[in-house]
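Quick one: this structure, given as structure tokens, is what I'll be asking you about.
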């Protein structure tokens, strides 16, 4: 048995050939390395990383008798999740999501599954280790996975994909709640952009989960490849996707509410500042008029000769200003 | 017959074994305490508090032949309401809601039901006494409950759950109406946050009732566990859930309307205050100009020599100011 | 034949026992008064006012073999319109609406109908005379009503209920149109509250008509109690409910449009007032500066010695002010 | 053959009795005028103008065996478009629309059609000439109309009705586009009312076309009166109604967008005007302070004795004002 | 074999008569030129440019036995995409879209397809070269196209049409993202109009793709003309249309978000400018009052005799102004 070298810049094929009793694991760089390796166990799982070598993919297509459109869809990694039924196998497209809390960016990677009666093929752009837990369960013969068919393996892989969404969801929720706290305390001017960005990421995620829900729902209905024993597990995944969609709606509602609050808060704050400044100007107004009045050049004016005139007027100015300030302070216009 | 001690920090099992004639009630701390207690009556209701001891749950699962996914869903108390049909029993997840009027917080707790042909299992996180009315009706043999099957018991429990929603609804409605009154009279600056919070709670409740309605609706369609005699009662619960959803929509509409009113009220109020201040400044303007004019240093200026000049000008100032004040008062700009 | 006294504070039962040839009408205070009165004609219509004496209702329930849930729903007068099919009869809940133009309040009262193959039971909270036209048609043997079965009677009663909605609708439409006119001319500050209130009433009505439409639609589908001869009449009622819902949508759209106009009008008006005041201040500005300039104490300043200096400067002030006023008037900023 | 006199204030009946070979056309004032005129050709089209003489309508109803509800619906000219199937004929209600570009008012008139296997009855409120093109095609034996059955005639009439909507649509679109241009250039203050009005008219039209689409769709499904040869024509009308609805949605979207633009434009314009005025006041501010400073009465002040002091200060004032104006002009605050 | 001349101002017919072995290509100006050319190969594709010569179209209609409504729909180039099934052929209407990045205008052209069992007819308004890739594949016998039937040809043409949408979509997305960047940096006043325009174009495209999706979906259901071998390809096109619609929704959401950001940004910016100006006026206020006070004409006033009085007051003025400026700078009101 030949096990190929690991190279990052090459496409890499991982083949697990297993049954309840035995498990064989092989890795190749090219299909030529495994010219003669025929299946020896009931179920085969072939995973391929790296899609930049289409001739390897074409070779796999020939071996498993895949439709040209399937190969095309695997290579075109900008697909929305979907399920196509072909003669002899089901073809599924889904997406792995990642959330980077620092940049608040969601990144995603397409994963294609071909589910036959005794084989599962998976195609990914680069090695991510996302399927490692399933591989470990196979190797260690934990749970039902070795005793069940290819349908249970496909379920386990789908479950892994859907579970990843919860992590992304958690990141988004946390971010939205941190924004909520920030808004209630002291909003920074970049809140609007952050809200806009977060809303966009939520919508992106939603656009990927919505069709995935349909895919899983369709799987629970078409029973040709997924046996009755796996149906409850598929329904469980379906419940998870519905739960994810509802959480996304909750985040969307939260963001919409925050946007409303932000806009009205900012608008009110600026308005109140303008009011505060106008109020202060108002306090100076009577004093300025008084100064103008006693700056007039009439020959006969009261108080001018009075030695305490100046002090009286200054006192009057202060009195008026303080009175006004008190009035405005009572009306809570000096906040 | 052994009745176990009550301990808060332990899981507690309450078993009611009943028929039209007789009722036996038992409580255990662990399943080992009831190794030998076999059902002696037609119908059994087992209620379990405390989910932090999964081995007890696993034991119950083995006795009643529950699917591993059911046990998983019971332990995962963050589920949305759902209905899964398994061979031999139905599995239902619902939520109890509580509304604390002071903090305006809604809290909820998951309750899982397993309905078989002659048993009902209920699982709750902590003892709340929510099912006590049903227990009393069983003990006192009131109504049809002892004469009917497990389906009627399941109906009675669901009815208890749905009835609790009306209390929460009432709390939310009252709060919204108090906010409405406050808004119409004198809005406090925290109204916006309160509205935002109330809206969030309404949405949370809605997200729980919506799938519950679907669950009850599905029950009225699948007749394998709920007999025709219980169907009218299920339709009654269904009507209640529809009623709750419509009331939630009404609250949501009310809150949206209040938000609109609040925003426009606040914006208008600040605008009117700025207008008021501008109007007052306007009243001072001509007097200031007059003072400036008679403060000019021209050698020949009218009125300066006039002994009543000062009084005349001060009179003119007052006259202009009063005239302007009257004009603005008529235009209702001094409100 | 015994006819009971009319008392407002007692429940009152009105029984009409009729066929194509004959009609017997009886009124009781209690069911005991009619212990022996058996049906002598093909069709019976029993109407009951006042639901505060449940034992009378229970007695009726026993005679006509009504399900306990039906009696419960009749007493619980906060139901949404619904249709439940029981063995031997249909149970309908609907609402009568009233609109008080002065308080702009909509009030409503529940009416429950039980339609059997040869009887109709109606239950109302208080005597309103709403069903009097139907009673008159029965007494005077007008139209098809005496010649037709219980289904036609039920249709006639439903028709009476639905026709009442048109009156309420008219009141709301009129009110909304009066508000529209007021808004276009001179909006009062209470417009916002009125709009909010009107919107709430529209939504209340909508929430009652929407399920009523479903009830009528369901009646046209289930043919066990309503014969083919009555079907066109039911479709006619269905068309009416659809018409009412569309009118409510129209009112809702109108109110939403008025709200937009009101908010933007108010905001614009205040903004324009602030602009007007700023413009006026602007007109005073150069004159104030001129006065300040010629109030400076330089030893050598032009014009001060000139005997016409003062007049010249005052003229300049006026000239500048008039020029500015003209400029602003042209720009339409003095509106 | 008797042809009745034309009177505007009387109901008028026009009867066309035709087949592939021959066509007889008659007009009456009252049905009595045509006591003896029996159909002599395969297909009859009876058109009636004026619904204020119900006894004529009743007579027609008796002759063609119409249901009382049909007669009631014909007289009640405030119906929404609908289709009712009776034994022996179909009953259709539709509306003719007119758009007056000057008043921007949409007016509409109900037209009722009764389609039997060998007759078509049409009822209108007043003579409008809307059906004249169909009449001409019949008289001149153009196209398939004389060779086909009553179903083709009914199609031709419906087609005429639907075609009229395109004209109204064009008027609304043109008006909306003219408003768009006006908004982009210089919005008048009445734009808001015009938009509100236009939106209302669009909604009115929409409420009439939506059920009409359903009517036509139902016709393509029920094949008892419309033969397979006419089906493609009905589908054609159906496509037209869908097209009209989409155009109405487009107008609605356009109006909503215009409203947003108008509101933000107005708000921004007033804000910018206020900013402009504030900027101008700002330019005067330092000069006013300078004038105040040199108007102080200190015994020893610089520049006062300087013969060029006044000129220097005036120069300083001008310099500061021009500098500020330049700064603001650069910041584009003087637009 | 006659090949007609190419003239732009004439209708032009291109006929490709092909089978797995042979391909004949002919071009005519008028149908008369091909009086005698009968099909010699299994499949025929007739493409016609220029619809201003209806008699040629009528001649084609007669040859292929097309329904008059089909010819009418081909000529009426303002149709929405649709699918009509006639006896012997399917009739499809779709649209080619073009996006001009400079004017940001979307232009579109109707293309009509008639798909029979062994022929495909396509009708376009003007020669665009859109179908050239399909023609080349036919001529060079690449892929399955020559070996498959008329259904595969129709698929290839539809695929070409749908692929064009992706280019338009890319243009719109790019434009929207450029606008987003511009908004985040420095919004120009024409952003609002651009957003409005872009939104309109998105809606136009959406209105064309939505029914196209329905057309393709209907094709995958009706199997009379499209064989099972072509079904996966049709599902592929269907996935593309769904993808396009989702991308359009994403653009729409993005534009709506940008509109919100733009409006609040503009409003905030103007508000902050007004605040800035008010703050500056505030800084001048105390100095102006001080100047007024020391310009009063009291006989006994402090500091006036003091030789440093003027300097002291000027210093005080500067001190107050600088202190205020610092306070406002700290509050970030001088941004």
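Points to keep in mind about this one:
To keep things simple, chains are lettered A, B, C, D and E as they appear, and every chain counts its residues starting from 1.
In this section, a contact is a pair of C-beta atoms (placed from the backbone, for glycine too) under 8 Å apart; a residue touches a chain by one contact, two chains touch by 3 or more.
The structure presented is a predicted model; accordingly, all values stated were derived computationally and were not measured.
Using the contact threshold fixed earlier, the set of chains in contact with both chain B and chain D is C.
Of all residue numbers used at the contact between chain A and chain B, under half are used by both chains, marking a mostly different-residue interface. Chain B and chain E have Cα centroids separated by 44 Å.
Separation between the centroids of chain D and chain E, computed from CA atoms only, is 27 Å. Along chain E, residues 267, 271, 274, 278, 281, 288, 292, 295-297, 301 each make contact with two or more other chains. If touching chains are joined by edges, the resulting network of the protein chains shown is one closed cycle, each chain touching exactly two neighbours.
The ring of touching chains, read from chain B in the direction of chain C, comes out as B, C, D, E, A.
For chain D in complex with chain E, the touching residues are 184, 232-233, 235-236, 239, 242-243, 246, 249-250, 253-254, 257, 260-261, 264-265, 267-268, 271-272, 274-275, 278-279, 281-282, 285-286, 288-289, 292-293, 295-302, 333. Every residue of chain C that touches chain B in the complex is listed here, in rising order: 67, 69, 73, 79-80, 82, 84, 86, 192-193, 196, 199-200, 203-204, 207, 259, 263, 266-267, 270-271, 273-274, 277-278, 280-281, 284, 287-288, 291-292, 294-297, 301, 303-307, 309-310, 313-314, 317.
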